[in-house]
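These are the structures, in structure tokens.
Each of the next two complexes has subunit A plus one more chain, namely subunit B in the first and subunit C in the second.
So, the complex of A and B:
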């Protein structure tokens, strides 16, 4: 257990493990996120579902400080940040962002760089990898996402699905311990979305710890170990995927699931 | 005497003036563009005094006509004990003017880079100067290139104003010839042709540059 100071939680984080406690965010008087708690084991996949405005994306973006939470504690893969008060120092933020990889709804590939440069530049700048090392990693990752022949292409030449697979490769290149996906298929048509979901499924099978904000109910049920349902800035319920989908405990969850599954 | 032969005879006298014009323009752009970028970055700084300094220099540089700025510097600097050549004074005035306008174009370019790019840079570990240099700046520069090219043309044409503080640039050489030959219209037509043709050649080169800078955005 080691030394613990005051009332702060003891450091018990192992590799790939996520422990979020009491996470909240307010903009002045308006509260957009309150008391979110989540513990994930290494290799676990958790899907976050819920209606628009529930705080799903805000929660995910608080985990790597794209949004600044106003209260709570985040522990991911050995990085630990306590929210509230002063902003954490650069070293802590760097650590938090080093252990998390992020995939965005709108891909956000760097349009002026080739696919290869998109994947190798962060490695060279952040990990200090040589050009050859970085390219070797990139080539492996491109194979893994099924796009080995796109290294020299610019993002604008690729389809949305291809861009998102490249974005996944870019995030993986920094060997994160946890991958965060913020509605990765919402900007894609359903058919193209499947190729991205397939890559994510492989990733899950290989044991990556993943937290996925999604509207893809099949993915949530079939691939994730647990589903967290959010509503109104908080967690409505969380449980094994099958259970949440078939016997939701919360009225609001039932209402939401009925709406999405009856479409 | 037919005009073309006149012109050919005058060219050797005009050439040194054109060189001074190009020198004045080139140096004003060389110093003014980076200064503009600096002002644009300062305007977005988290530290308010940096914003104030940027605001002060940009608003004066944009608020005063280049001609007024030239006169003010030419007549005030010697009073302050600073004696510079008229060319140096003109370079400083036009650099200020260029920097002020360029800062707005850089600011627009920087603002036009989607927020998602900054977020992707942050989550890829590219923060601070590294992220700015590798991810944000190249995209902003591409957006700012057409208006900056327009500004470069205006500065080239505005360099003619340095005539009033006795910089031996193209217009002043033209005036010298005209005051001897009394062929005012013919001389100024020639300077018009020189300014106009150089501008068109320059804009053509910029068009090529724009295409190159935007190549990665073409789908086919």
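So, the complex of A and C:
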């Protein structure tokens, strides 16, 4: 897979730092997430793995308040929110979303806008960038994700892998401090998924702080610094990637890893 | 004979288009307010809007026209026939347009709003730049279909004396005793206008579809 990234961007210093403590979410009496704690350093990559229904996506989506946590605190890149079961005030919410970028399983590009407009609209509306500034940033990012010639295309004209790479560019255009990936390759053919993983790998190499919900065990082991295993709405274990993969401490983790690695 | 009837009846095309177009425009604008109200977080606003939509839709158009044209003067509100027709059809169109918008909005996947939120777009930007253009694209064929329906309903305006196609057809029928031919000419005029509307909306729809695909 010959992905060219042109001249590699210099290793930028991201000041992303994540401190989540006691995060939980309940719907009435049913508890979908309980007592999740996670501290991440700048430039660290953490993969979140675990069986379906474990709360992985819910946890990730709580971090930028696509889901509303009912307890705990979230600190990301200087934004701090204490959960209370409702949306925080606008300034805090904006701040939190400003420092996080999210990539979805289903890409969620805006289908009525061209690739260029998908990447420039948020810059202009959120950062107040001029059209020229926004386009310049977009062109650089399109090169970075290997799609410099797709600026004028509409998303429907692109393959899933291309759409996902554009979605990554769109999120990066707002210079987030932490990138949240919610099963970014689950909707893609395994082969197509590789081009997305390659972009993510480069991003990690450049020092981006990343939190990745994934079923890609190779990516989890090779690219992430640590792996967090979730089950039943909580954290089963978290540790250096090699260690979690080769000598998991938790029975449920062992069972899960055996199931995914033996296939 | 047709050569005499056609220009006589075609005099009504202008007012038919005027009443239909104006009602669709005003109804479309009021419909926007209504659909906002239907989705309002305030329960009482939601209830009033839903009640309005349901009441408006079950009262026959001709009843609305009579109510406005013959009923309101009782309270010293005297309207011209054209005003009464446009107000009546605007009220009716607003309820139907609100329903069309609503189904357009429902067709937008949650992921679109989520992506907008995650990017930090404001509510105004999300509605204005992300949701509305997509909902409009989905709603366009339904709007065109409703517009053609309204065009046909506008014939009812002849009952309160608006000089549109059907009005002149009635006049011609009386004056020339060519009843069958008069109304055939009127029918043909409606067919031509409907065809033009249908063709234009189909072209626009196809162009949008080819360009951006269907969500």
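Going forward, the second predicted complex is superposed on the first by the 247 of 263 C-alpha atoms of A that agree within 3 Å, B and C clash if a C-alpha of one lies under 4 Å from a C-alpha of the other, contacts with A are read in each partner's own complex, and residues count from 1 in each chain.
Heads up, the rule we're going with is that a residue touches a chain if its C-beta (ideal position, glycine included) is under 8 Å from a C-beta of that chain, and two chains touch if they have at least 3 such contacts.
All values derive from a computational prediction rather than experimental measurement.
Superimposing the complexes on subunit A yields a three-chain arrangement in which subunit B and subunit C clash. When both complexes are overlaid on chain A, the residue A:106 reaches subunit B and subunit C alike. Once the two complexes are overlaid on chain A, the subunit A residues touched by subunit B in the first and by subunit C in the second are 64, 66, 94, 97-98, 100-102, 104, 106, 108-112, 121-122, 125-126, 154-157, 167, 170-171, 174.
Within the complex formed with subunit A, the residues of subunit B that make contact are 114, 116-117, 119-127, 130, 134-135, 138-139, 142, 215-220. Note for the complex: subunit C touches subunit A at residues 109, 111-112, 114-115, 117-122, 125, 129-130, 133-134, 137, 211-215. On the side of subunit A, the complex with subunit B involves touching residues 64, 66, 90, 94, 97-98, 100-102, 104, 106, 108-114, 121-122, 125-126, 154-157, 167, 170-171, 174.
By the touch criterion given at the top, residues 64-66, 94, 97-98, 100-102, 104, 106, 108-112, 121-122, 125-126, 154-157, 167, 170-171, 174 of subunit A touch subunit C in their complex.
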